[in-house]
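Labels run A, B, C and D following the written order; every chain starts at residue 1.
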Amino acid sequence: MAAPDILRFEDVVAGYGKQTILHGLSFNVLRGAITTIIGPNGAGKSTAFKASFGMLPVRAGRIFFDDREITNRAPRELIAEGICYVPQGRNIFSELSVLHNLELGGAAAPEGFHLKPRLQAVMERFPVLRRKAKHQASTLSGGEQKMLEIARGLMLEPRLMLIDEPSIGLSPILVEELFDLLRELRERGITVLMIEQNAKRALENSDHGIVLELGRARIQDHAATILADPRVGQLFLGGTSSISGRA
Amino acid sequence: MADLLQLLVAGLATGGIYALVAIGFTLLWQTSQTINFAQGEFVMLPAFFVLIGMGYFGLSFWPAVALGGALSVVLLGLVFKKLMVEPMIRHGVLPLVIATIGLAILMKEAVRQFYGADAWPFPVLAATTDVTVFGAVFAVQSLVILAICVAVVVALQLFLGGTRTGRCMQATAQNPTVARLLGIRVERMILYTFLINGALVTVASILITPIYLAKFTNGEWLGLYAFIAAIIGGFNQVRGAIAGGLLLGVVDNFAAVYLSSQYRTAIPLLILIVVVLFRPQGLLGRIEERTV
Amino acid sequence: MRHSRSLAAGIMLALGAAFLVVAPLGLKPYGIFILSMWAVMTIAAIGLNLTLGYAGQISLAQAAFVGIGAYLTAYLTTKGWPFWSTYMLGGVSCFAIGWLLGYPALRVQHHYLAFVTLAFNTLVYLIFRNEEWLTGGIYGISNVPRPVVLGWSMNGPREFYYFCLAHLALVSVATWWLLRSPWGLAFVALRENPIRALSLGVDTRRYTLMAFALGAGLGGISGALYAPLVQFIDPTPFALGLSLNLLLMVVLGGSGYFFGPFLGAIVAVLLPEWLRFTEGFYLMGYALLVIVLMAFSPSGLLGLADRLTRPAPRGAP
Amino acid sequence: MSSVLEVRDLKKSFGGIVAVDGVSFGVEEGEILGIIGPNGSGKSTLFNCILGQLQPTAGEVHLDGRPVTGMRACDLNRLGVSRTFQLLQIFPQLTVRKNLILAGQEHQGTMLSRLAGRPDAGLSAAAERMLGFFRLERLADEHAADLSYGQQKLLDVAMAFMAGPRLALLDEPAGGVNPTMLASLRERLQAINAEQGSTFVVIEHNMEFVMALCNRILVLDEGRVIAQGDPAQVRRDPKVIEAYLGRS
């Protein structure tokens, strides 16, 4: 029987140059759920993603995926393990067609993986992308571009999706659509780990929450519990040195 | 009118060669921020490889071309990347620029040392005759050169746009960070561009050397023209390099006839200065933006 | 440790200066000529070091300024103008043209700037070659006279060598003064972090133009000495090749180090003459040295020496 | 009390996206004003517009009553406005002392007189005082590159005060500074505010730090001022909580 957690950070230390951002970060992500990481700016949310996906060296501590250590492994290997990462901002190849962007999501496909049917299946789910398959990706709207990124991440049937600030720049309707999509992924057995600026809205759409502060996880709990926790508001707005007591 | 057409074709032919060299130049820039000041010497050298193959090993022309091409791809592609670009690029763009200036001198002097300062005749690809079409006289050589350039460019575009590897290379050029995130073997794609550059300069060398003869100084102006073509077209675009090369060839040919031949070289330089100052992204280029 | 380092540097400096003063006593005229050429090229390289090494603006046009200085001097002195006037004119007009060439640097940087300055150099070369009525075209200008200073003719090779050496000394002292003044720090600030410099009140626009103008002015002075040194000038020496060579001199010696140009010019001007027997291999070795240095020490020979002798930084906690 | 800085209806848009959407505020002499707001609320763009790094699309900036809208950063600095950047901006190849001298020298004399001037531009004593004040004496002759991150951050802030500015705009001074050093940084800033009588505007994400440092706080969201007041008021304001935690 597989462990209940799919991703685990154990005392991870990482940073940029001389600056340390993660000071021994530990948390678990439960399998088959949507988990949101929240925390004030500079808490290390994006840094944690980059460290887990081999984009930033982990200086100390270990990271496990499915109980297998993945510390400092290259993105290509992590994709093969079943992780995909949708970073913040716009990350499509604007001068390639929509179809080719999608196809590049399969760039790390193992031998014998059939991309064609997979491409069909993904486009089935995203009719907009099918309709505009031949268009240059730069012609898509902001929301469509984000969908393209997520669809591209789904090409190799990941088991865990890391998604950083997906709602930035999207209209409220599109944000609803986005959360619907994430819930649908959960129903299909994909674990979603998300970073969100809009903490309230994200937690309302999640099962679990992790609150980061200054490179450490301060709270890990059910999303609803965190939503009701008055300390969280204080954390964002400072004040009493609040919740450091209970980590 | 017939004269104009004639000039145009001759210009497009040399322009096509500039375009090949400029494409290689922009590919290296796009994938690895390499500005290769030795690019001209890269074009000068393969012709000498072919001459070595014919002179020392007694090969006939086409086998010698194959040998020269293979040597160029290995030395100017693989070895250049592994021994120069990789150790230096971490220091930034400028040290690599300086090192390629050094490399240009090294290659030039090596050729002078071993092959002398003379201009060596080089076999022509086609008969040096003319054909008359609709009253205009064209050199067969120009037409052949033009045809080969078009074929090479089309083949390259088909590879870049039509194969999965080609698209991985394009992705790497457009945004290496995201390419890596998707598991594209970025390092390998960069290597491919160096190999392609090695092949492009070989073709350019074989096409241009019969016209100007094989001489160790050939790289000086060829490199300059390739830079200019790349910059006026758009430094970060393959189609920019093509447009820039063709434009340069045509302008150069017309300038030679209609302006004083003394200041013929000044025209491309002036175009370069104007483009850099008023449209630094090039005529077809986009403003460079790299998201992380 | 720091103390012994500056002591060693001082001793080497004194020895070098002493060598430069006594060397012509034991050399044939050709040897003295080469040594004079070293002094002249060092002045041009010092100028480029200001622009590139200190202020961080790449320029591939230094040969053009050496050429402008040389042609002005050759043309006017053969028409009977006194050397001093043409020398001043060379420096001042190159300063002015250099200032104008600095404007592109305000718009574009790095490789774009390299290409603009490269194009400028080639355009100037074309003018030298084609404007026969002015420059003599490919036939050049011959019989450039050497100056007479206070009734003392500089015509002999030894005299002219000391004349060049005196100029090098003068330029060195002036540059040293400039670099130890607040300007030196402002130039380095421009190179290291122009945005921060601007926010600290450094008028980066004016300093950029000044860096180009001063570098070009020294190029012009170098040219004004070059013409009477070789006594015959034609366009060939002022092509792009010399600009690249001066760039390599500065980088090889150590860009941003005061003595970098001196050392670079030794490697690029003196050594090839002493190693003449190696023929073309010298240049190949030189090119190879540049490549290897860029891989291991982009800050040049002096940067390498600095790194090897510098005491380890006191550990920051 | 008079307004040192007066920002009137400042707007900045990039393409179609409005980053700063009509912001007005004044800063009184000697005040420490904090500007907070979630990511992308326009704080740094606002700073860059005030400081001449960006040309505002509309609106005016006045310093001591005179218009300085769109003035170049170096001229503005010589009028007494200094700043720090969100990311560390020091001169790594220069020693700590040289960094400080550089930060003050352009305020001495004219460009020409500086050419004739002493290497330290007469600032050695001032640099020494600043080193002592930020407790960097021991490191005065080290290259800035060899300092720890926290020390570099102190140097960065110290440089902003070398010329005795009337107004200092600090962009995330506490960013990346470890908790033990934060208290001393805050205390240094408050001391300099008292001693030099200079006025501060501080962008900061570390709420604890900003609430303890500032007298008054301005909250930005989506390019607009949504609240202002003293730290306690701002903290209670439901609009602020909503801006940070999101609407449901």
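Throughout what follows, a residue touches a chain if its C-beta (ideal position, glycine included) is under 8 Å from a C-beta of that chain, and two chains touch if they have at least 3 such contacts.
A quick note: this is a predicted structure, and the numbers were derived from the prediction, not measured.
> So how far apart, in whole Å, are chain C and chain D when each is placed at the average of its C-alpha atoms?
Here chain C and chain D have centroids separated by 41 Å.
> Per the centroid of Cα atoms for each chain, what is the distance between chain B and chain D, given in Å?
So the centre of chain B lies 50 Å away from the centre of chain D.
> So the centre of each chain is just the mean of its C-alpha atoms; given that, what is the distance between chain A and chain B in Å?
43
> Quick one: report the Å distance separating chain B from chain C, using the average Cα coordinate of each chain.
Chain centroid spacing, chain B to chain C, equals 33 Å.
> Can you pull out the residues of chain A that are in contact with at least two other chains?
Counting only residues that touch two or more other chains, chain A contributes none.
> Can you tell me which residues of chain D touch two or more of the remaining chains?
Correct list: 148.
> What is the shape of the graph in which nodes denote protein chains and edges denote touching chain pairs (line, ring, star, complete, other)?
Contact map by chain: ring.
> Which of the chains touch, listed as pairs?
Listed in label order, the chain pairs in contact are A-B, A-D, B-C, C-D.
> Give every residue of chain D touching chain C within the complex, in rising order.
Listed in rising order, the residues are 51, 53, 72-75, 77-78, 82-83, 85, 89-94, 98, 101-103, 105-108, 111, 114-119, 121, 139, 142-143, 146-148, 151, 159, 163.
> For chain B, which residues are in contact with chain C within the complex?
Within the complex, chain B touches chain C at residues 35, 84, 87-88, 91-99, 101-103, 105-106, 109-110, 112-113, 220, 224, 227-228, 231, 260, 262-263, 265-266, 269-270, 272-273, 276-277, 280.
> Enumerate the contact residues on chain A facing chain B in the complex.
Per the touch definition, chain A meets chain B at residues 53, 55, 75-76, 79-80, 85, 87, 89-96, 100, 103-105, 107-108, 152.
> Quick check: in the complex, which residue numbers of chain A touch chain D?
17-21, 40-42, 168, 196-202, 204, 214, 232-233, 236-239, 241
> Which residues of chain D touch chain A in their complex?
Listed in rising order, the residues of chain D that touch chain A are 38-40, 148-149, 152, 175-176, 178-179, 205-211, 234-235, 240-242, 244-248.
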